[in-house]
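Before anything else, here's the structure in question.
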C-alpha cells in the first residue's frame, strides 16, 4: 500500500508519564458549579478528604493541599524545613533528582548531590560518606526521588532511612513521590519518611494543578524553628483542614476538590494495596514484552535490575533515531501518545532520538497496556525496526498470571 | 499465583456491537443546557445537520430524524411505504433480518422471508424466484439488512438492486444500515437504494436514542398513495428541516442534536471514505488474529468468506462454554466488555456459550483494536483455552499496512 | 442613552413551557460512557428506576418507558387501547387537547371533541351529554389534558372521573400529564385515572427524548383484546423492567437512564409533595405580579379563576404587538427567554403578538422566578408598555409566605 | 402559614464575591482528557491565549500564568521585584490591602501601610507624605488594590500614578485587580501600572486555581537586579509562552487552559468594553435598589460616593443581626447564596452580623441581578426587616436604561 490510512481516529490514549489518563468519574465530578467557600457542602467535605489522602500516603500525620504543580511542591516542602544557607544532601539518579537540587540551590541552600547516574541505584557508599563527614549536622535534609521518571528507576527508600539511622544523622528524610504515589508501594510512616510530596496528575488520576505535602511532627518541629517562611508555602495553617479558608491560604480550588473526592473514592474502593499490585503486574507485562522485542533488536530497558524498575513508568531505548520514529508513528497512526525520552543527552543531540518512555500510572487497565504494547508492535513493524517476536504474548502471559 | 489481582481498573472498553464508544467531544457537546425550540441557534443549526447526515448516507434525497431506537426505525420506514395487507420480501441471514420481518408481521403485512441461514450469503436464486412469482407486484418492498450483527455478515446490496432491475420488479429496496452506516462503504443513491435506516449509537458514535430514515422520491411517492400513516412515523413533515417543530413532530431532542453536530463534524473532518478505510483495515487485523488463534485451537470466524465479513462487527466461536468463559474473564480482569453471541441456538442451550462477538464500529483506533486483541490473548491464556500463536503480531502487521 | 448595553451575557434562563431548565446534576449524570446493555450496572438499575417513576405518578400499576417525545406518547397510549374505527371523546380547552384529537384521527379513530374554548374549564354538561348518548359504549376512552400549556389552564381531573362513574360509562380515562407531572398535584390511582402520560423535559427536569406511559390493569385488559398493535408502541413487554432488552424494545437509551436516575433522586429527596407545594407557591407569586402590572395596563392572565390556573405555566397577554416586543427585549437584553403565545389566532395574525407565556416547571427556585419577574419589569419599562407598580414586591410577599 | 415550603430547589445562584458563576461553556471546555504537554494542540494554543489575556489587562507587555490562587499572586508579584529588607508602601482601605501588606511582611519586607479605613478612599495626602519622606527611594513598590471586596470600594488608580509622577518617585506601581479585571475599566498601560495581578475565579469566570501576573519592562528590569527569587514565582521563564514546559514551571494546568480559552473567547466576543459597561449598569441597578430599601429601613451601602463603588461587588449592612438573618433566609429558602461581610469587626462580634455582600462579577446578566434583588426583597419581607418600597422597580428602571 502506498497510501496510508490513519488509524488514529478513536479514543486517544495518552501514555506519557504524566499527566495520566483522567477517569470519566473524576472529570464528571469536576464539571460542577462553584460552591460557597465559607460554609456548606464543600467546607464540610474537606476533613474527610484529607483523611483519605493520608490513607494513600500511609501516614497518620499531616497533609497540606497546595494549588500548584510538582515544581511548586519541591519549593513548598523545602520552604518549611530549610532557610537560605542551610545544607541539603540529594540522592540523585535522574532529571528530577537534579531538578529538586536546582530548586534547592535557587532557594539559597547549600546543595550536595550524590549523583549515581541516570537510572543507576543510589550510591550508598558516597551518601554514607557525606553524612559521616557532616559531623556538625549542617545537612538539614536528605532529598530523594522515589521514582525518577526520566530513567524510570524506583529507589529503595527504606535503605536510605536505615542509612540515616545507622550513621545517626538527624537530617529529615524527604521523598518526592510525585510519580509513585498511588502506583508503587509506599509506606510513609512505616518507612520513616519525614516529608513526602505528590501531585494530582499521576497516580491520583486527576488533572494537573493540585499538590500535596505530607509531613510528620519532626518536620513540623523544624518549621517552628524557622523565622521566615513564604506565606503561600507555609504549611502551618495548611495542616488544619477544619479551618477552610486558611487551610487553602485563600480561595480553595473548588472543582478540583470535587475531582479529588471522586479519585480517592475510586482508589479506596479498589483498595490501595490492590492498586499497587495492579501496577506491579502491568509493569511486569511491559518488561516481558520489551525483553522479547530486545531478543531480535536494539530495544532495551534503561533499568537493568527488575527490582529497581518503576511500576508506573518505563524508560527504554532503540538505536537513534528509531525511538522518535516509533513514537511519532504511534501518535499519527494509532492515536497512542508515548512519552519522550529524558536522558542526559541534550535535546537535538542525535542520541536523543533513541529514547522514549511509557507512562502506566493511575487509571490503567490490562486492556490498555495490551493496546499500548500492541501499538508498539505495529509501529516496530511499520517502521522496519528490528525486533524479536512473541512480545505481546509474553505480556499477555504475565497478565494471565500464569508466570 | 492463587490470588488473582484484577486489572480491570482503568478506562473501561465497551467492545460490543452497539452502543459503541462515544467520543468525549460528543458527550461534551451534549452536556448543554436546553435551548429555545422556537428560534435561535438550535433551530438555525438543523438544516446543515441534515445535509451533513445525507453526506454520510451518500444521498441527495431526504433524511428524517426520529427520537427512537433501531426497532423504531424498522417500524418508521415500513409505516411510510406499506399498509396492512401489503406484502414484503425479506432477504434474511441473521437475527436482525428476522427481527425486521417480525416487525412487518406485527404491522399486518404479508411477509415472505428467504432465510439463507445465519451468516450465509443471501439466497439469490430463491429471492429471484419469489420476485418472478409475484407477477401481480404485490410485494411492495424488499427488506435487507446490510450488516446483520448477529452473524456479522456483510451483504452485497448492489447485487439485490441488480436482481430487482433484472426481473423488472418495482418493489422498493429498503436497507437496514444500523450496524454499517459510518463504518462500511455504503452508497445509497449510486446503489439504487430507495430507503435506508440507521441509528445513532453505532457508526455515528452517539448515545442511543436517535434514528434516521433516508428515502428517495420513489419512496416518497409511495407515501403519498397511503391513506393512513401513524402520525409519529409519518415522514412527510420530517423531510422539511426548515420547519423545526414539525420536523421533529413536537419537541426536538435538543441535547442529542448538539451531540450529532459534534459527531458529524468528526466524521467529515476525517472524511467518510477514510472512515470506511479505517474500519476495513481494523477488521482485517482482527481476522488475521483470529485465524492465527484458530491454527492451534477451536476459534473460528462465523463468516468464512472475507468478502462477506463486516468491518464493524465480528462474530466468532470457541467450543462451548469457552466463549462465555473468555468473555467473562475479559470483563472481570481487564475492563474489556465483549459482545454476547446471538446465534440461532436459544439462550441457555449449552451451545450458546460457544459464541461471542467483537464490536469495532465508530470511534475505534488501531490502538484500541490491539488492546482488544491483546486482551483476548490474555484471556485465552488465563482460561487455558487452546490457541495458535502469533495472533497479535499478525494483526499488528495488518495495521502496519505491510500486508 | 442612545446606545444600548446588552445585559444578556451571563447564565441564560430558558423560561418557556418546556424544555425546562435541566439541573447540573442531571447533565452530569448523562455525561457517561455507554454501558453494557446485556448485564451489569445499567441493567440492574432499571427496576428501581421504574418504581421511583411510579412514585411520581402516584400509581402502583405499570410504567412503560419510550424513546420518544410528547407527540409519540399520544400515539403510544392510544395504540394500546384503541384500534381504527373505535371512538374516543376529547375534553379539550387548548392546543394540546386539539393535538391529541388530531393524533387520534390520524390513527383512524372516530373523535368527538368537546371544546370549551382556549383556557376555559371543560364543558361538563356537553361531556355528560356525549357520554349518555353513547348507549352502545362505542367510546373507548375519554382523553383529557391535565394542564394545557397553550392557555395554561389546569383541569379538574377528579370531576371527569366522577362524571364517568355517575353516568356509568366504561370508557378509559386517559390523562396527558406532560406539562403537569412533577409540578402539579396528581394522584393517578386515587383519582381513578386509567392511563396517564408524561415526558422527560418538563417537570422531570431532563432533556427531551424520553416518554412515560402509566397504565392500570383495566387498560392492560383492553390491550389484551386488541389483535394488532404497533410493535414499537406495544406496552406489554414494556411493563416488565426486569427483562431489559425487551423492556426498551431494543437498544435502551443508556445516557438518558442515568439522567433519569439523577432527576428522580432530586425529586424524591425534596419529596413529591414538597415539589407540588413549591410550584404552587411560585405560581401564586407570578399571579400576584401580573395582577399588579394589570392594575395600570393591559397585562392579563388568560385563566381568570385562580383555582383553574396551572402551577407550571402561565399564559398571559398584552395589547398586540407588546407581547412579542416584551419577549424579544427580555431575550436580547437580559438573557431571559420567555415562551411564545399559543392562542387560537394564527401565527402572523396581528393578534398573535399579544400573547406570551412563562414556563415555571421543574428545576425552578424562588430566586429564578423573581429574576423572571424582575426581567419583565425591566422590559415593560424599557418598551414603554403601561403597567401598574408593586409587582415584584407583591410576588416577593407571596414567596415570603406572608400572604 | 406555619409550615414553610422551601423554594430553594432549582438552579442555585452563588452571588458571593468570588468564586463567581462559571459559564457552562467553560466547564464544558474543562471536561477534557489530559493532553500531551510536549507538543500538539495544547502547546500550540498557549501563545494566542497569552495574547488574549493581555487584551483583557490592556497591556502590550508580559503575562505570566501561575497555578495558584490570589494569595499566591501577592507573593508571586512581590517575589520578582523585591527582596527581604526592601520597603513597600501600601495604600489600603480594606481587608485585601491589609492582606497584601501581611504577605509583604511575611516575605521580610519593610511595610508602610497608609490605611484610610475600610471603604474610604485612599489618603492621598499621607501617601504623598510617605513618598516625599523617602528621599533615599527605599520604597521599591507601591501596592494598591483596585477593588477591595471587603468594603467594595473601587480605587482611583490613575491618581496614584499621577502622585508618583508628581513627586518623582521611582517605585513600581503594583495593582491587585483580582476582583476587578474583566469587570471594571482597567487600562494597565495607559494608566502607567507596572505590575497587575488577577485570578481566574472572578471576572475571568473560571474555577479557582489559576493566577495571572502582568508586568512591564520596568518591572522586568527590577527582576534582573535581584539575585535570588523563588524558582516557582520567578517570572522570567514564565514570560515566554512559546517554551511551554518552562512557561508553566513544570506540568501545565491542562484542563484549566482549555477553560481559559473558552472564557477569553466569551469575553472578546462580547468585547471587553461592553463587559465593563454591563458591569457598570448592573451595579447601578443594585445601588438604586439598596437606596430604595434604605429609605424605609437600615440598609446602607458601605461606600457612600457612587464614583468610588465597585461594579463587581457591593458591601452593605443592616442592623445586626439582620444581615446574617437575611443571608441565611436567601440561602435556605431561595437557593441564593450571598457573601458574608468582611468588616473590621471580628467574626463572632455582634456587629459582624450586620454586614453582607453581593458578588456581581463575571458571568452575570440583568436577569440574574434582578433575581438577586427580588430574592432580597422576599427575604426582607419574610424576616420582617424594615425597608423602603420600590427597590426592584428602581433597579429595573436602570436596566431598562431609562435613567
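Letters A, B, C and D name the chains as they come in the text, with residue numbers starting at 1 for each one.
In the analysis below, contacts are C-beta pairs under 8 Å (C-beta built on N, C-alpha and C of every residue); 3 or more make two chains touch, one makes a residue touch a chain.
Composition by chain, UniProt nomenclature: A, B, C, D = Aminotransferase class V-fold PLP-dependent enzyme.
Fair warning: this is a prediction, and the values are worked out from it, not measured in the lab.
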item	value
Chain labels contacting chain A and also chain C	B, D
Relative to chain D, chain with the most remote C-alpha centre	B
Gap in Å, rounded to a whole number, between the CA centres of chain D and chain A	35
Rounded Å distance, chain A centre to chain B centre (Cα mean)	44
Chain centre separation in whole Å, for chain D relative to chain B (CA means)	54
Contacts with 2+ other chains: residues of chain D	12, 21, 24, 28, 31-33
Residue ranges of chain C in contact with chain A within the complex	24, 28, 31-33
List of chain D residues in touch with chain A within their complex	12, 14, 16, 18-22, 27-28, 30-38, 67-72, 75, 84, 102-103, 106-108, 199, 201, 207-209, 228-232, 234, 248-256, 337, 339-340
Complex contacts: residues of chain C adjacent to chain D	1, 4-13, 21, 23-24, 31, 266, 270, 274-275, 277-278, 281-282, 330, 333-336, 363-375, 377-379, 381-382, 389-393, 395-397, 399-402
